[in-house]
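Take a look at the structures listed below.
Each of the next two complexes has subunit A plus one more chain, namely subunit B in the first and subunit C in the second.
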Partner chain A sequence: MSFSNMFPMYFIQGQQWLGLLPLLCMALTAIATLLLAPLRLQGRATAFAMLLIGSIAAVASTVVFPFSETIIILDGVLVFDRLSQVFSAICVLAGLAAALMSLGFDEREALQTEYFSLIAFAVVGMMAMVSTRNLVFFFVSLELMSLAVYVLVSMHRQSSMASEAGLKYFLLGGAASAVMLYGASILYGTTGSLDVEGIRNAFQSQWGGKLPILPLIGLGLFSVGLLFKIGAFPFHVWIPDVYTGAATPVTGFMISAVKAAATGALLRMSIELFALPVAAEPFLITVLSIIIVATLLFGSLVGARQTRLKRIFAYSTIVHTGYVLLGFLALLGGGAGAKDASSAIVSYTVFYVVMNLGAFAVLTLISPKDNDDISLDQLTGLGTRRPLLAFALSVFLLSMAGIPPTAGFFGKYYIFSAALASGYTWITVVAAIASVVSAIIYLRPMIHMYMKESDESYSALPSNWLGSNMIVGLSLFLTVVMGLIPAWFSKLL
Partner chain B sequence: MSTATLLHILSAYLFCMGMLGLILRRNTIVMLMSIELMLNAVNLSFVTFARELAQLNGQVQVFFIITIAAAESAVGLSILINVYRSFGSIKTDHTTVMRS
Partner chain C sequence: MSQILSWIVLLPALTGFLILLLPKSWETKSRQIAVFASLIVAVLAIWVSQEFDIKSLEPYQFHVKFDWVPMLGIHYDLALDGMNLPLVVMTSLLTPLAFIGTWNQTGVTGTMQRRIAALVLIMETGALGTFLAQDLFLFYIFWETILLPCYLLIGIYGGAERGKATLQFFLYTFAGSIMMLVGIAWLVHSQAQITGHPDASIQTLMNLKLPFDATAGLGGLLSTQGLLFAAFGAAFFIKAPLFPFHAWLATTYRQAPTLVSIYLAAILSKMGAYGILKILIPLFPEATHAFGPVLMSLAAFGIVYGALLAIVQSDFKTAVAYSSLSHVSYILLGLFSMKAEGMGGSLLQMVNHGISITGLFLVAGFLDKRRGSLALKDFGGWAIQTPVLATAFMVIVLSTVALPGSGGFVGEFAILIAAFRVNGYITAVAATGMVLGAVYMLNLYQKTMFGPFADDYVDKVNDLDFREIATMVVLGLFIVGIGMAPQTFMAPSRAAVEESAKRVSPEDALPTRQSLPGQVSNF
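Up next, the complex of A and B:
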């Protein structure tokens, strides 16, 4: 075997540069931001400006240079298609929104200036994660994202809650990605390929889709990592503590961008890897159904008893994970709804990201100094103190609850109708019941804002930052627009 | 039993030991080492599979995993320093302020 056979030279050319452009923009931004952050004067402002320019360039390059066919680099190590473009754009914009809502907050809470470059690195990881077919590269990009987010979580140095949250997230996340990698290794050993396409072909040619036990174990272990990041039932334990301990803008970033990236990656893996074995093995559908029911019931029942706002949103995100997984059930079940399911998942993710970013921007604005763990009591009288913010928060909460004219309703509607079309009636009924129960989660903060007497001791909540206000306004506008033209967003994929 | 089978059993054993260590031990340094042990078990399994399949592809992945493991332990140790500053201890019994 000669050297050039063992290590063939590979050059990126023509159209491939076009697909790579957003990822390159973001990667260069991340490095430039890291280099500029320690500048003594205006390091923070320079870093933010770099992130702003880079994010806009990354999104613009996907919009300005659309390509019709799928671009494949290095035999599937990077794949750029519609799915990766949509999810990359969501992640970049969510990262930018998180950076915007931390302007002012980061100075008050003395967050390090490397904050912005960590966001940029996490976004690079997410973009790579949603656009790869190679299992090991998937692990590398997942870790690029996770390592940046671990640091972001524990960055709030004055707060012991943040260090505890960072430690928990790091230990559980490290274990989950090691388990995922072991699954990838077993899949490689049984099929002789690390590429998702090669693995699927091997499934088809060796076993005709009906897998023996070893590759099934590999698939199961591999999906653990994905289910951990998305926060499904047995792997949800970290969500409430980590989301409470992290600084509010960081929680906003995790709840939107990290969740969206995990959903996008799970969508790609479901279509390209999981669909074939699940179609041949009805047992796996049962497992997924149990996970969905447990996630929905746990999130809505425990969430209804919480009294701290960030914990409330943490349980709300577990419920939302249940709905998204219902979409995946319709997709993998292969019934009549499978075709609509992937677009339903995409539109649900867009709606979910916008309303959560809006809600967390509001939380940033009303968070008291040094302790941004706001309780329901601190919300009392917000309707009279900050009427606009209270109105915005109410719209986001109603949208999360899925009250008809808002975006959240249509997201749920698309998912439920896809699941019904695929013939999963009873589990859709369970999801509908869970959405009624989880309405309590969202109505309690509204009762506190509007119907309880204002307690004077909490009335001095000073912050009025431009960035967060912009995000609140933009999210409010988008939530209303999405409620008016939801069909456009369901055609994104 | 062939060498490959023995190596697979060894890697599965190491992986389970790492998992057990993570679950049972209360010292976070040991927990960090357990995660590294799990990643190294995966490395061993990758190399064994690559040898069985007579491919270079699987062996090369080990370098990526080693790099990630190094980055992970760097981040992990800095998180531990942060935890030690806040709590004065790195035992998981002492590092809880949040009610789970």
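Up next, the complex of A and C:
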């Protein structure tokens, strides 16, 4: 296959522009925001306004111009369907929320306009990542997202840990990307295609679904990059340190948007690449099961002992990765639950993003100016100092713990019911036990907020930024509504 | 009016949220609003219990049902089915009584009044919803609604060791209920495989024939029905609790504020017992039969164990907590006998125990408020200074030891008869609990009310005030009323209980009940 075969001349026409529109909006925003500084149009407000307009245009274009059939551009380099729309919208909105939080949070840091440009670039990468079938384009999108996030992490200049976190994330992320690329090259070598459909057809025609060892290794190595981004067990080590070192809004961005994008990409690959005939491959299923159990147990057991809030949320996100992967197990296992599993994963991701953004918005409001790595002790007495904020944080924590009637409960139930339907009873029981242990993670902040005597030394309020308050309010509303009327949100895919 | 059950269930929580949103200047009115709302609920509950048609062939009355999450077959589905009627009335009556009886203990600050009033009302919604839900998933939602307010109330306003108590309470009950959630998902999935569309209503799930294989390992526990039995059992046995799932009980009851202790012992433990009656036995009859002897032995052991521990306690409230364990074990013994009279006796006993344990914890609250301590060594000779308190306490004691003429006698007697028909040895052990029960109750009474004064403190003790007297009088009226005419209280549930017993053990039909010709065993 020659280069011209791989990337032939191509004209985009008609409805294809509709599919491309959101991506174009964000890309233009990213470039335009980047140009602000060279043109000496300094001003964070301007940059944020541009990001706001671009994001709204991107989301609105999917709502205003809905399309029913799948739009394929460049033979599957870009694919626009329901899945890419939903995950793109999640990433755009999460990026916007993070930018809004930073605006109030980082006022003392004199944020440059590039900050907003980087967020926009990362979002472009995410949108491309969830809308492609081409492994090379996928890698490029992933790197676009990752490079922007590496810089965002290191930009937290007042923290001594930020550069360490940025470097750690960069080195480990680079290694994971290399492994992923190696996996892609093995797949290309064995099947002669870089396109997901081509690879799947080759699997079927060459081996009839029973894969030999080499393409299996290729698939496994390729998954490593994605498992790294979502923080599954052996690839989770970076999460606590990087989440602690980054500024709180950036951590919020990573925990919501980056996770959602990686989940979306994994979902597309699972549906289109790992789906039949590999589905019943017992080796892959066994490995995935081990990863799930280890992720759940590690996250909940270690998380229960943490005393710093950002670390607590870091381990909480590892536990949630375990639940999402349980949904993937149901999807790939090919049992009766497979057809519900993808919508369970989408619902879970939406619920998860909303409650984490809300929780991080609360964190930006209660972090002192000099050090945003706050400890549980600093939460003490929040229930009397800021009753509404404490109530909101409690709802988010309960939602993460999966207590009804919050969104997180239904997310968990969808996943459990899909996994049971696919026949993975024992892993579901392990997940249930892990959710009891992980309840400790979420109860401890509440114990400090409500059940300990108020400590006057923390009584000064660091921030009352309206933007973060709006995010808290909106997330709270959505968490409760999605818990009470989950049916509205279960048909996203 | 067709939505009356929704009003009964949701009014408390709505009032609770309203109370949370009250302006600061209204804070001190929270308790009045809470009592008013819970009284409205009580009136509505009594009204529906009067309107409930015993002779009707329709098992579900005042039925409210609509789809909630169609994808998973979940309905919003409330109905009175006779079995839950006594418990709904009990819950709705005990809530205002508990508020009024603990009036002087909940009112230190406005914030405290507001929080306690709101959270207890949310708990009332959880309890009433659990009893009325006819959809398994809805049952679970209401079941879990209780957990959090209870956790917060104990954690914020509990005793000195509240941190340990709350964590223990939360983890135990959450572990049980998450297993139930997995069980629900499994059941609904099995149901969907047969009919093609999921449906979580209890009535539909009852018709599932789940395979039970006694040779599957651990006496059948590893077969499908055995595993589901274990998953649901985990939730119900912990909440009730059944020995050996009771480890959280004493600390939690002891550390909770009086109002919450009442709720835990009188109402939450009944949720566990009701779950066994309504869900565990009808859905998994073969498994319950197979494990019946083990479960009855555990219940009988719990009766004796709780009573012995209650005897040796040096703290009033801990002793009451263990007495509750002992009495709840009676209820479970009756349920596991799977006989109509045993299950009916248990249902009656649920109401009796709810009333008498409320009385006991109220007395504990009265003593604590007046003495600032609950250690038995600090009491003695109070009968002289506080004759009204002593009289009220005596009435509660007599009801608790199941004196003939009190409701407890009828219930425990029916339970023991049913248990005896199943296994005489277990019943012999259980019956000793009646004697031991008299020992610890009279012991408690003697050490507090009789004997020499512990010190000169007794001079300053006030007798019960008007609100406390009113509460105890109402409780006393119920004790005597149920004892004199248990059938008027239990008639609505009779048909439902017999129907349930017939389903699970058709071979031993009661002589008083007409066996239908042509009825075949479903085993």
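To be clear about the criterion, the second predicted complex is superposed on the first by the 474 of 493 C-alpha atoms of A that agree within 3 Å, B and C clash if a C-alpha of one lies under 4 Å from a C-alpha of the other, contacts with A are read in each partner's own complex, and residues count from 1 in each chain.
One rule holds in what follows: contacts are C-beta pairs under 8 Å (C-beta built on N, C-alpha and C of every residue); 3 or more make two chains touch, one makes a residue touch a chain.
Values in this document were obtained by computation on a predicted structure and should not be read as measured data.
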Partner chain(s) touched by A:Ala432 [first = subunit B, second = subunit C, both, neither]
second
Return first, second, both or neither, reflecting whether A:Ser154 touches subunit B, subunit C, both chains, or no partner chain.
first
Would you check which partner chain A:Pro486 touches, where first means subunit B only, second means subunit C only, and both and neither mean what they say?
second
In the superposed arrangement, does A:Pro404 touch subunit B (first), subunit C (second), both or neither?
second
If we overlay the two complexes on their shared chain A, which of subunit B and subunit C does A:Ile440 touch? Say first, second, both or neither.
second
Quick one: is A:Tyr348 in contact with subunit B, with subunit C, with both, or with neither? Answer first, second, both or neither.
neither
Looking at the overlay, what does A:Trp465 touch: subunit B (first), subunit C (second), both, or neither?
neither
Shared contact residues on subunit A - subunit B and subunit C:
none
If we count contacts the way the header does, which residues on subunit C are in touch with subunit A in the complex?
67-72, 111, 140-141, 144-145, 147-148, 151-152, 155-156, 162-163, 166-167, 170-171, 174-175, 178-179, 181-182, 185-186, 188-189, 192-193, 227
Subunit B touches which residues of subunit A in the complex?
6, 136-137, 139-140, 143, 147, 150-151, 154, 157, 159-161, 163-167, 170-171, 174-175, 178-179, 181-182, 185-186, 188-189, 192, 194, 237, 240-241, 244-245
What residues on subunit A touch subunit C, complex-wise?
336-337, 340, 384, 398, 402-405, 409-410, 413-414, 416-417, 420-421, 425, 428-429, 432-433, 435-436, 439-440, 443, 446-447, 450-451, 486-487, 490-491
Can you check the complex and tell me which residues of subunit B touch subunit A?
15, 18-19, 22, 28, 31-32, 35, 38-39, 41-42, 45-46, 48-49, 52-53, 55-58, 61, 64-65, 68, 71-72, 75-76, 78-80, 82-83, 85-87, 92, 95-98, 100
